[in-house]
Structures are given as structure tokens and as C-alpha cells.
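You will see two complexes here that share chain A, one where it goes with chain B and one where it goes with chain C.
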Partner chain A sequence: MLTRGTLIYIAQRLALILFTLIVVSFLVFITVHSLPGSAFESEKVHGKALQLVLHEYGLDRPILVQYWSFFTNAIHGNLGVSFQIRGLPITPVVMRELSVSAELGGTALLITIGLGTTFGVLAAIRQNSWVDYTLTSIAVVGYSVPSFVLAGLGVLIFSYWLPTVTNGVISYPAEWSGTYGTILELSLPAIILGFYTSGQVTRITRAAMLEVLQQDYIRTARAKGLKSRVVTVRHALRNALIPVISILGPLVISIITGSVIIENIFGIPGLGKEFVESILQADYNITVAVFTVYALLIGIANLIVDLLYTVVDPRIRY
Partner chain B sequence: MAAIATPALEEYAGGTIAREQVGLWRDGFRRLRRNRLALAALVYLTLLVLLAVVAIFWTPYNPATILPHTLTFEAPSAAHLLGTDDLGRDLLSRMMQGAQISLIVGVGTSLIVLTVGVVVGLVAGYFRGWIDTVISVFINIFYGIPGILVAIILYLVLGRGLLNIMIAISATAWMDMARLVRGQAFSIREREYIEAARASGARSGKILFGHILPNALGPIIVQATFVIPIAILTEAFLSYLGLGIPSPLASWGSIASEGYAALPLEPYMMLWPAIALSVTLLAFNFLGDGLRDAFDPRQRR
Partner chain C sequence: MRVNKFTIGGIGLGVLGLLTAAACGSTSTPSTSTLASAQVLHFPVFQDPGTFDPGEITAEVDSELMQNVFDNLWRFDNNLNIVPDIATAVPTQANGGISADGLTYTVHLNPAAKFSNGDAVTSKDVLYSWNRAAALQGGYASNLAKVQGYSAVQKAAGAAPTSGTPTTFQGNIETQLKAGNPAFMMSGLTAIDPETVQIKLSGACGWCLTAWTLESTSGAIVDQKAIEAPGVDPVNWWQTPANLVGTGAYKLTSYVPKQSMTFSVVPNWWGSPKPTLQTINIDIKDPSTAPTTVDAFFQKGYDIIGYGGDSALIPLANILAVKANSREAPDLLTKAKGRTTWVGFNIGYPATGGPFLGTGAAATGLRMAFDLAVDKQGLATTVCHNLICSAATGGLITAGLIGNGGANSDPLAKFDPVQAKSLLKQYDPTGSLTAHIIYSYNAGSLNESAAEYLQNEWKTNLGVNVTLNSVSDASIFISSYLAGKYMMSREGWQFDYNHPQDWYDNLWGSISTADGLNATGWDNATYDSTLKTADAESLTTALPLYMQLGQILQSNVVYIPLYYSVSNFLIQPYVSGAGSNAAFDHYWDGIKILSH
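Then we have the complex of A and B:
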């Protein structure tokens, strides 16, 4: 599996991720720090006192020097301190929020893939039937309805119209009870987030399955008397999964983007909620930190996706 | 599939550029007409555009005015067809203004993306060399950075306003278009007719915009159509978070957000923008799918 070539490939990709992180964090850092006003301006700090505070946080230095110290610290795992909650180190906060977002996003990703591939396969093997039309319609509706609309309707239905169904778990305004919520609290936001992206998976799986089902080896497998379930799952689905893996990267991006709004609506203490709050409160160190973590996540996700190719399709080598 | 594509190919093989373009459009619309879903979407979107145009000159009430003799959260009635909002403003008027804003942002962003993406993509794909390397590296770095998050940060820096929100969304959206056009230019520049044009002394500009662009138009139109719902969704997303169009301008996103805040008092206020956004995005997606089948028959879904 892990040949020399693969290792070199992984090393190259990691270098590329690092380069991307540097460029992206630099651009975000410069952009965010060029914004007028800071977290301190709203407080009753003027003149000399403001200068002192800015000096304490190193904000009176040239922007490039500031970025350099951010960068060297970030490499050592120190993402700086919060402006809003004076001097609070960001790294532990971001790591905790990352784990919360990973809980939500990971569940949503599983739901997306499970739902999407199941729908896609069912639609493909019943092509041009009512099953096909229903499932493809659900897919199009899924990625056309904005996630915040789905989330709003979800809260409306379960907290306002049918509060008894969920035993009042979904309340208004929605808020997680603990850092990681309960399974019931997790389910609605995860399903909504997963449903939103599952439409893309359904489409890709359906198209790929239709393509694969026409291949000669499927006919051969049928001809030698294999059950259609075996043919579908073992022969067809395995090859139809390759295009699905190719959209995993974009899926992770969709889920991250969607989680920003879902976490805000459902009161989930994750990275997405922090990102919006940090912008609204001008706590720019956190904005840069969260953005960099997102870029790192996506870079690693894309790398894993490319490595997954070799597992699913042994013909691909790096 | 190839059989459908052939007539269009034959038509421009023997004709001038002008005739080829007519062929593309006529051929595309003939195929689009057979797609009922896309036609229904087109009808809906035409009505929506009409509504937005009407809203320039007339809305039932002033969408930004807090009406003197109106209660907040009035239920739909003859006087206020969609009811009133948390400040007692007429929701139908605000929804009409929201339609305007959504369409302006959608189409405007699409035009910016079209211009920037086509020019950059053509230059990269045609000239190759270091220009292509620089552009490709840049695009690859940003590949996989969530566009909405970039738009949020950029929009804050640019300041609030309609044009700025379009620029902020275009900041990442042009890259997909550039990549597509670059790929098209890459393959088209190797065709014989480009060689013939170059041999007959055509300049680069003429070859790029007179020969390569018209032959890549199908996929470009399709891609430009898909930018519209993305831009509308992004604007609604930003406005929902309170980071979008400045109040008192009404956006479907901000109405949805105000509606969500008022959920226990008046659930219907959130329903209108939810329905409007969903149906509009659905229509643009159906239209885009239809256009892809009609103008880009080689690319199967």
C-alpha cells in the first residue's frame, strides 16, 4: 500500500497544504486587520490608555511584523489571545469548538453519504420509474432549499407545531444543553445539514450507477447467475463510488459552510458560531484562527479523499 | 448523444462566426423547449423579474416605512396580503423589494464572474506559459476555501452596499468560471481552424474573442446560469446572519432572519421568504440543468 511513491506524494501534498495555509492566513490576517475599528474601540479607552492596550497586544507594530509573530506562534500551536475576553488564549477554545463542530459535521457527513448513495442506487436501478423521479426530485429540492430555511422550518415544526413529538428537546430559541449536546439535540441539526448536501451525492451516485450498470462485466455477472443484489452492491456500487469520492472534498466545504449557519440557529457552541461572533465582536484574532483551522481541515480532507481513491480503485497510483 | 451534437457542429463548420452563433442559440432553444421543467422555471423566473421591475415603480406600501395605523405582526388580510412584520411594515412590499435585491445580486454577480472568469480563463488557456502558471497556482490555492466565508470577510472590508456584496461573492466565484474557460481554451486552441486563423494573420485578441470564445459559449452560459443561485443564496446567507444588505433595505435573507427571531409570535413571517428563496433557487437550478442539456450536450449528467 504505502509505497515510496505514495509517501513522496503525501509529503508533497502536505507541503502544498502548508503553503496554502500561509497564503490564506496571510490574506485573511491582512484583510481583517485593515478593518476600521477594533474590539477595544467600543470600550471607554482613549488616547494614552488605548495606546497602552494596543501596545500590550502588539497591535501598534507594523502589520507584517504582527503577521510574522502570529505565524511563528501558530506553528507552535499558539493561535494568539482573544481581544474580547482580554488575554484568553484562543487555541484551547478553538480546539474545543473544533471537536463540537466535528461531532456535528461528522454525523452530517455520514448522513449525507448514507442517504445520498442509497437514494442514488435506488434511483438508478429503478431508472425512469416513479421511484427514480421521486428520489431525484428530493435531491434537487435538497440542494435548492437553503439550509437556514430548512433549519428555521425544523425549529418551527418541532418547537411550535409539534413540541410533543420530540418531548420538547427542540425549544425556541434552540440551545444545546452541554458542550456536546445530547443525541436527540444533535439529530435535528445533523439531519438538516446532511440532507442539504445529500442531493449532490444522490445525483452523482445515480449517474455513476447508470454508467456502470451498462458495462459488460455487469452483464457477465448477471449471466453467470448472480443475485441482482450481489451484482448491484459488489460489482456495480464499488465502481460507482469512485465519482462519489471525488465530490467528498466539495461536500466537506458545503458542510463547513452550512455548519456556520446551522450552529448559529441551533445554538451549538462550535467553530461556525464562533466565526460569526468573532466578526460581529471584532475579535479578529479568533476570526483568523478559525479561518486557518477551516483551511487546514479542508486541505487534509482533500488529501484523504485522494488517498481513498487508491483504496477504492487499485488502478490509481501516485 | 453525439447524434444530437452533430447538426450544430455541421452548421458552423461551413459558416461564418455570425451564422454559427445563431445556430447555437436556435439549436439550444429548440432543445430547451422540450424540457418542461426548465420551461416552467423560465416562466416563474420571468414572472419574478416582472414583479421586481414593478417594484421599482410601485409597491403596495413603502417597504421601509413603519406604517402609522398598522399593528406589528398583522396576519395576512386584504390590506396586507402577506401581513406585516415586527415593526409594522407591509411584508408584501418588503418581499417585492427582496425579489429585486436577490435578482440584482444574482445577475450582477453572474455578469462580474462572466467578465473576469472568461478573460482570465482565455488568457491562461491560450497563452499558457508563466501567466497560466501564476493563475493556476492562485486558483489552486483558493480551491477548497469556502466562498461564503471569504465573502463575509471581504464584504466587511469593502463596506455595506449592493455593489460590494456582488464583488465579495465574485471574489471566489470567478475561479470556477476561469478554470472552465481555461480548459475549453486549452483544447480549442489546438483545433485546425484556430491554426488557420493564425496562419491568415489574425491577432491574438481576434482569435480569443472571435474564434475561441464563441466555440466555448455553451458551457460558459451554463456555468454563468449556475452562478446566479449561488450568489442569491450567499446574499441571503449573509443577510440572515445580519452581515448583509444594510437595513432598512429588505432582503429575503434578512426577512427570514427577522421572521426567525419572531417565530413564537408570528410563524408566517418566516414562511414567505423561505418559500420565495426555495422556489427561486429551485427554478434557477432547473433552468441551469435544462440549459446544460440544451447548450452543452456533450456533458452528460
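Then we have the complex of A and C:
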């Protein structure tokens, strides 16, 4: 149930997100428009022809006028047009790519939480056993090795080495065949993207579980004769999840930023790939749009995580 | 049944015949020439379309695709000959298509010609298309520059205003053309009747017909009704398949930006040859995926690699691997492309400076020294493995094109390190002039390895240390080199149409200088006057003059010839009729998918 205080809190946070979006989009807009290079200039388009094209896209206007035009269009849901694909409205493209990234990011988040909490709980309840050492070691590797290294290794092993060794029997497609990935296509990038963050979740879950398992109420529960599984899952895990949720915000941000690298390595047609391509192609409008969407996603993710606190811990009120 | 020796012999012969037939077939070659039931062609391109608007097209990938959607009055056949397309004949003075003074062309349209939406093509469509292209002032608008009234239309359309709402420029052109504003119509274009167009030129022009034939650009015929239909955006009209109406054998039926395109055959298409292919599926891929796309080809995931202007994107490593594999090698098609790459000098920009500046003996001698110090054959072998380029020894114009001088005809193609060293010693005895030379190039393609090769050649054969300046952003490189900001740089030209004017006018002529295209800044009165004369003559008369222009460039050591580009395609054996010439992919209407 949303209280009045919660609603006010949400409104304040939304206002803050809006302010952040304006600042971020303004800074990115100014920056990318100050970069040398042009999406239009070529051996065939230069001089007067170039001036005409720049005018056509309003790029010969003062930078603040251009930003105001972008801003007023953006609040109506129009993020402008592409320069590389002349006149292509960006908004539908960005929304499609956002859904692709969401597919990847959502799967990676499930892997992060699923794998991380499972490993963390197992490591805690088998503290100082080989299970604990193994899972903790995996977690250390997870958050120590950058995702782009794992991604490169993944492509090398599953797309090149294994197909060669097995004569094509085991083969991972080096790029997605369609807009959305199949389960097979999605598996490797999602695991690699989620592996890094799952290591952190494992570590925090383990620590939280160890602390909770020492609490009096856990001892009481055991003394009452409750089964170990019930004590672990129903009494210990729920409380141990609070610190995990507290880092969900940074984890989501990590997944969003990590997807930029993963999407480019695996050829996934999402926002991250678009972000890099738009910079390389000087397609400024797309760069600004994607950056702004990223800022929006991060703002909303943080808001959702903050609201989740009230669900997990009823003592928390806004 | 009684078995006798004739029966046994007959059976034996039959078995032998079957074995022979089986042996003649191979796993990679279709056993018959019968057509496959599904006439679908599937290939990737490695770049999104910039625009499919013929008035604006400048990118090769766009042009390669749209040559199957739009027609011009004439077209280049697969051997680059000009043949009728929407027009009924190629105009000549003999057939009355060109007046005696060469200033008036009369063009009769094929009454059968129709747009893909069923609209008949009339002379008004030709006028609209050409006037629109002139007013838009796109990259190839200058192909129409000799039509009377061209400059007036461009003036009316307006130079870029310093303020105003975006899209005013194109929107205004459509509005004015719809209203029939004569200021937006070239005075040299007249619709004599619905099937006859008269083109009057402002001066004699030997290259115009070839330029007007350049597919998918300013000479292409578009449907005014489709572009000016209510609610159609004058800028991005082409992105909606229903709006992209041409007269070609195919039409766009689906376009998902950054992902895919689908083209379908136009039912009962008016032209010839009658197309067999029904559907063309194109995946839009990232260039970095080219190696995996080659893998996909050999797993039968694609029918062709290299179509759509992407024949240079197959990595050399993949080409070498394919060549070395006897099973895969037959699928590789290698074709010389009309692109030449050379080293350009700063000759005419004093602000940039450098030892090559000017036309004096010292500057010319130093240019010659740097030229003779480069082994061009060695470059083709070392950098290109003689697979993706060949040494440029026949002059600026690529081998196989009109105006090429023939193998080893270019004196600048020689490699003479002794003479090079001697010239350097003569004109820079202390080494001070050549102590700080920088060679600039845009990163990518062969430029990196070619630059390193050149650096090594100059170091080895001249003892000069040249600094390499790799520019990662191509647009920055282009704007800088067109502005004459580089002492020495990679330069190149991909021909638009098979006429020497395309090279000599666009690179060093007075037109290029006025357009800011003369990257070296080299200017020569004899060159300009000879070029002007040649441009006004028929090709037969003009060719010796164009050859003279090549010699003027050579005697002034304006460039160091490096290589002619070679493209590589992978084509499945069951794809009949696919291929390429020096300019473009073979048209889809000549392709058939055989049983396989």
C-alpha cells in the first residue's frame, strides 16, 4: 500500500530524475556537438552541399537553439532523427533496441540474483567447507575478471575453438540472427554479463547469511524444531536479502553499463551497440538519445530499488 | 529372361555412364541448370542505407541497391555500355537524338514504362525528377550541370540560410515543384509530348550522356505522385516501402532500420530481361562481423558476400584462407574495381608548406625522388598479396577503364631507388627540407599497412624518416585533405561513370578547384584549357586530349601511383548471373537460383 509519504517521495525522486535527464542530455549534447568530424562529409558531400545538409538538419543553428529544439521534441517523445540514415526517426529505433537490451539485462539480472544468492546461501551454510571455498573462489573470479575479458574468452572458446575441435557439433553463434536472441544465443552473453555481478551478490549474501544465522531468533527457530530448510529460507534468507537489495541499484547500473561492452562483442543489436556505433559515426542525435535513456534507466532502477526496501523491511517508511 | 553377353555389356555401359555422370558432378556444383523452386537471394550488407532518395544518394551501398529499384533514361549494361532503359534509344547524331551542334537531345520514352505502383512514366516525370535533383544539390546534382537553367534552379532553391526551421529546404522544393514554379525548373528541359523530352545544354558536352546514365543518382526517374502524396515527409519519404516507387524490376517491401531489408519483384514488370528472382533478403550487419559472415556463407547461410558495395569488406585473411581451400576457392570471384589510390602532395597551399610546395625544379625533383623510391609492384605483393589490389602502372585512371594508358605506361610507376637517391641529394643535399615530413591517411582498409610500407620504402631507399599520421575519423581526414592541410597524404578516387572527365574534372580541373576538391592545390593553365576542350568533344575526339592530361600530371609529378583496387565476392555455385564489373554489382534481374 502506497502511503502519502511514499507518493511524495516518488514524486520528489521523479522530479530529480527529470532534472538529471536535463543536465545529462545538455552536457552530452554540448559535448558531442563540439567533437570534430561529421556524419555527412564525404568526398561527394562537402562545401556548399554539406552546408545545405547541415541546414536541413538544423545543425547550422546556434548550439543552444539546437538543444532547445531537441529538448522540446524529446518531452513529446520525439528524440530527433538519425544523420547516418538520413531523416530516420530515432525514437522507434531506440525503443526497439531498449527492448533488446532489456532482454539481455533482465536475463543477466536473473542470473545475478539467482546464481549469487544460491551460491551465497550455500557458501554460508557450508562455511569453511570445500563448498564454501569453491563458491567463494568462483565469486572472486567473477568480480575480479572484467566482463570484456570473459566475453572475449567466451567467443574464442564457444564460437571458434569448440566448433573446430568438435567439427561443428558444439557451436555457439557469434552473433544474434534476429532482433531478439534465442535461448541459445542469449545464454552466453547473459551469463557473462551476470557473472560479474553475481560474484558480488554471492559475497554479500554469504556475509549477510553468516551474520543472520548467528542471531537469536534463528537459534530459537531451530530450538522450536523447525526444519533446517525452513529456517534457512524463510527466516534467514529474507533478512539476509536486505543488504543484497541495497546493492541492487549499483548492480543494475553495472549490468546496464556492462551491456555496452557485451553487446558490441557479441553483435547484439541493443542500446549498447547503438551507443558505440553512433559515436563512431558521429550520429549525434542517437548518442544523446541513448545516453539520456541510459540516465533514465539508472534513475528509475535506483528508485525501484529504494521502493523495494519497504517491501522487504516493513520498518522502512518514506 | 535370358542373360546374354549383350545384356551384360549393356548393363555395364549403363553403370559406367551413371558413374561418369556422377563423377562429372561435384558437391559444390549444381547437377542441372533447372531453377530452384524458391527464387530467393539472401546476402548481407555491412552498412545501413544513408538514403534511398536518388536526388541525395552518394554512398555506394545505396546506389548498388537502388539500381534495381530506379531506372534512368539509359542504363549501363554489365559491360558498362550505355543501353536504353526508359528511353527507347541511346541518342546519337545519326539517329537524330542529338542535334548537329550537340546542344539539343531529344529523348523518346518507352510507352510501356511504368512505376511499381502502376503509374505510367511520362515526360513530366522526367522533368520533375531532374529538376528536383538539381534543386536538391546532392552529391551528384552536378551531373546535370550542363542542362540550361541548372544554376538558376539552384539559386532559386536557395543556398543554406543561416537560420530557419529544419526541413524547410527540401519541403520548399517539393512545394514549388508541385506548384509549377518555373524558377524551380531548368529552362533546358521541355516535355514535347507525354513521351518525348527535349534537353537543351548550355554548352557542348561530351560526357553528359554518360553522367546522366549513372544509376540511382540525379538522372534516376522518381514518381512525383508518390513523393508529393499527402502526409509524405519530403526528407524521409524513402524509408516507407510504399513511398519508394521506382520503375525498376524490384521494390522495397520491408525495411527494419539497422536490421534488414526485403525487396520483391514487381509483378508483370515492363522491362527486360524478365526477372527470375522473386525476393531479395538483405541483412544489415556490422562491419566487424564480416569474418563470421564468411563462415555463415560456407554454411549456406548466405548466397553472396560482397554485394551491395561491400566487396572490399571481406578480410584479407579470409580471402587467403578461401584461396588455399580447394573446396571453397571456386566460390571466390575476384574483380578489378574502378578505384585508384595514390599519394598526394601539397603543391599549392603555402600555409601548409613542406618541401613539395610549388612547381619549381626543386619541389618537382623532390616529388620525383619520393615517387621513384617506392616499389609499386612490391606494395601490391606485400600489402595486398596481389589479391585485393594491383600495382597502378597505367596512369591515374584504373586499368580497364576508358583513359587508362595500359600496363607500365605511367613513368611515375617506375621504381628506381638509385635515381631517387640522386634526386634527393641534388635537391636536398643537407636533408633539412625532408627532415620533418608527415604522411597522413585515414585509418582502416589497406591504408595502415600501405602507409607502413611507404614509410619503410622512403627510409630504406632515401634514408628519410617520414612520420605517419593516422586519422581515425574519415570525415576529419577528408575535410582536412580537401582543405590542403596535409603535406603528403593518401588520396584516391572511385570512378562514378566510365569517362575520363569524371577523373580529370573532379580531381584537378578548374571545377574541382572551385568546388574545393583540389586537394593538392596544383593548378595549371594548360591542363585547364585542354580539359575544357576535351569535355566539349565526343569521347572519340576527346580521348587523346584526356591522355595528354594524364601526361601533364605525370610530368609535373602531381601524384605517386600506388594501386588499383580489386574486389572479392563469394558467390554460391547455384547463383547464376551474379557478378560484378568495375563499377557495380550485376543487376538482380539477371540472377537465377539454380537447383541445388
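We adopt the following convention: the second predicted complex is superposed on the first by the 306 of 318 C-alpha atoms of A that agree within 3 Å, B and C clash if a C-alpha of one lies under 4 Å from a C-alpha of the other, contacts with A are read in each partner's own complex, and residues count from 1 in each chain.
Here is the rule we go by: a contact is a pair of C-beta atoms (placed from the backbone, for glycine too) under 8 Å apart; a residue touches a chain by one contact, two chains touch by 3 or more.
Remember, it's a predicted structure, so these values are computed and weren't measured experimentally.
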{"item": "Contacts of A:Ile256 with chain B and chain C, given as first, second, both or neither", "value": "first"}
{"item": "First (chain B), second (chain C), both or neither touched by A:Thr20", "value": "first"}
{"item": "Contacts of A:Val141 with chain B and chain C, given as first, second, both or neither", "value": "first"}
{"item": "First, second, both or neither for A:Gln84, with chain B first and chain C second", "value": "second"}
{"item": "Chain B and chain C footprints on chain A, overlapping residues", "value": "159"}
{"item": "Sites on chain B touched by chain A in the complex", "value": "141-142, 144-149, 152-154, 156-157, 229, 233, 236-237, 240-243, 256, 259-260, 263-264, 267, 270, 273-274, 277-278, 281-282, 285-286, 300-301"}
{"item": "For the chain A and chain B complex, residues of the former touching the latter", "value": "19-20, 23-24, 28, 31-32, 34-35, 140-141, 143-146, 148-149, 152-153, 155-156, 159-161, 172, 203, 207, 249, 253, 256-257, 260-261, 264-265, 275-276, 279-280, 287, 291, 294-295, 298-299, 302"}
{"item": "Footprint of chain A on chain C - complex, ascending", "value": "48-51, 53, 56, 58-59, 137-141, 159-167, 169-170, 233, 235-236, 239, 256-259, 285-286, 288-289, 292, 295, 473-476, 478-479, 482, 493, 515-517"}
{"item": "Chain C partner contacts - residues on chain A that touch it in the complex", "value": "36-49, 51-52, 54-58, 60-61, 81-82, 84-89, 93, 159, 174-175, 179, 267, 269, 273-274, 277, 282"}
